[in-house]
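Pasting in a structure now, in structure tokens, and then I'll have a few things to ask.
Here the chain labels run A, B and C in written order, and each chain numbers its own residues starting at 1.
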Amino acid sequence: MLEIIQDYWLTFLIGQYPNGPLGGLAMTLIVAVLSILMSFPIAIGLAVARSSTWRWLRLASACVVNFVRGIPLLMLIFWCYFVIPIMTGYAVSGFWTLVCALTIYEASYLSEVIRAGIASIPKGQTEAARSLGGSYMLTVRSVVLPQALFNVLPGITSQFISTIKETSLGYVIAVNELTFAANQINNQLLTQPLQVFTILAVIYFLLCFLLSRGLSAIETSIRRKRGLL
Amino acid sequence: MDFLLPADQMALLLGGVRTTVLLFAIAWVIAFALAIALVVIRATDYRPCRWFVDAFVAYHRNVPLLVQVMFWYFGMPELLPETIRFWLYDHNAEFCFAVIALALGSAAYQAEDIRSGLRAIPATQFEAARALGCSYLETMRYIVVPQALRISLPPLVGRALLLFKNTSIAMAIGVAELTYRTREIENLTFKTFQIFGIATVLYLIGTFSLMALGSWIERRTTPGRKEHRNA
Amino acid sequence: MTAAIVSLDHVNKWYGPHHVLQDVSLEIGKGEVVVICGPSGSGKSTLIRTINALEPIRDGKLLLNGVDVHGKGTDLNKLRQSVGFVFQQFNLFPHMSVLDNVTFAPIRIQKRPRAEAEALARELLAKVGLAEKADSFPGFLSGGQQQRVAIARALALQPPVILFDEPTSALDPEMVGEVLQVMKSLARDGMTMVCVTHEMGFAREVGDRIVFMDQGRIVVDTTPELFFDAPDHPRIKRFLSDVKGEH
């Protein structure tokens, strides 16, 4: 196992780069970060729409969210793979296909988490802001959302972790990420799949485990600072 | 259904549906039983037991399902005795390993859901029942578990949904389930939209049925609901 | 009487079939302290919540500084800046420091310069006796301290009138006094105040008028002297003895 790590650690980390395309863990992180950054504002939009007083807006948001949550991520990836080129007229790389699919998928799940957060804010909070003369938008932006997002930080963290894990599905459409790199290494070695996939699992485990621990430590420290513990 | 797809392709696709449903059903039953076992093991005071369960849960929460599936399919056979290995290869090894990976992963999450349901029951409920003269088992049976299950039900339904959708990951090791068949037929016919459209609708039927089943059970088990409806 | 700051004219409100405000008419002049009391469920909260349009009304007319509160073209956000509201549950923003709670409206709504808003906020916090808590978070404060911050927050817009909805009902008994103290000093400064409260000592001491409500109606609107010393209504007698029993 140590030998594999010695020989292939660079491939695990950055794929064939700089002699070939960037891949491995670096690519996994890029895809995950991009998808999270893009899905977050969409999720907030969907959640706010879902919590609004306009019926049709609530309905539209509910339809989108339930449709996306009703199909496997792999199906969504294939849809993006086929539909985006037709819609945009451009050949889209596997990378962007994956980022788009993950963005849509995670935005839907994240929006449900955020919606629960919004629902958990006592009515008195909005009333206080409105009674000071704050507009609906200001109230949502500076009173409801900051508290709602903070209250559901554990749920948001677990969606981030899910996103990182789901980047592995890029393997199916040949995106050069960590799982893909591990399979390449496995194909070169042929005889040591147990070791290769153990290393792969350990890398994902460390990444996700440490990230969730880190975020929860940050949350605890903010709670302590605000006297909420 | 001929106007949608030729009969032979439809048969292929429906074979995929059957495999998907089997993957889901078998994996779910194993996962639920395993989850309960994990919760019970975790509840013992014996430290190594708790560590084992915590490690099991942490591993399955932090490693992608696809990697777990690959680990079982490519890595595990090395560790198995030859007789079992050959038996597996004769008996649809892909399917077996996919079921194992799906079940273990889902069990870890379900165990967490059940455990947080149990933790949500205030100790006073337990004490009140004991004060009324219930035995430990009666208290659990009539007071604690019913309340805990009601709290755990929505997340458990969510897990079941995810498990159903995640069966599609088995295609990566060649299990001929719905997504696999869909791609196969698409490669043959290039009727991309049609075939993916049908597959998507089939998945939606599955997930929406599960959601409906979930809210039906929820309604059945929520106290006070019946009186409400009659009122 | 000076010009009315708040004036209700035959205001009616329903919750479904429930007629919660029945033909309520009331005038509140500048500098007046009006105490509204009455049994639970009699519509006191509903009444003062209609004054800053937290609740809509069915019919009647409600003027605040001469502006029709429930009129079609009324800019509610602008109007609400001219009336402070203090809630039973304080409703401080837990994710903001005490100072940020008080400067929230001046900076974010009125767009006043931060330095100016902070100076005013510190002055107000000193006035409610919490100058040293400016950088603390609401989570660290006692109920009484939180309610005093809430009063400072309501005062930050320098409104001509301020409404209190049972500001001491959610407090432990030992904290009621500190909040009443702040309210009394406000009253002495000549602030126009509408207070829903069961604190009869407060009503007698600083109240200019007592309005007694029952089942959505104003039953009596009189001076504290007449209200306490010669209650002429059986409901008031019962109410007063109930309130006394509480303490």
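Just so it is clear, a contact is a pair of C-beta atoms (placed from the backbone, for glycine too) under 8 Å apart; a residue touches a chain by one contact, two chains touch by 3 or more.
Everything numeric here is computed off the predicted structure, so don't read it as measured data.
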> Considering only which chains touch which, how would you classify the arrangement: line, ring, star, complete or other?
Replying inline: line
> Hey, which chain ends up farthest from chain A, C-alpha centres compared?
Replying inline: C
> Could you name the chain whose CA centroid falls nearest to the centroid of all protein CA atoms?
Replying inline: A
>> Report the inter-centroid distance (CA atoms only) between chain A and chain C in whole Å.
In response: 46
> Measuring from the mean C-alpha position of chain A to the mean C-alpha position of chain B, what distance in angstrom results?
Replying inline: 22
> Between chain B and chain C, what is the gap in Å from one C-alpha centre to the other?
Replying inline: 55
> Could you say which residues in chain A touch two or more other chains, in rising order?
Replying inline: none
>> Multi-chain contacts only, two chains or more: what residues does chain C have there?
In response: none
> For chain A, which residues count as touching chain B in their complex?
Replying inline: 67, 69-75, 78-79, 82, 161, 165-169, 171-172, 179, 182-183, 186, 193-198, 200-201, 204-205, 207-209, 212
> Where on chain C is chain A touching in the complex?
Replying inline: 52, 54, 76-81, 84-85, 87, 89, 91-95, 104-105, 108-110, 136-141, 153-154, 157
> Tell me, which parts of chain B touch chain A in their complex?
Replying inline: 58-59, 61-68, 70-71, 74-76, 78-79, 161, 165-169, 171-172, 179, 182-183, 192-193, 196, 199-200, 203-204, 207-208
> Which part of chain A faces chain C closely enough to touch in the complex?
Replying inline: 122, 124-125, 127-135, 138, 142-143, 146-147, 150, 225-228
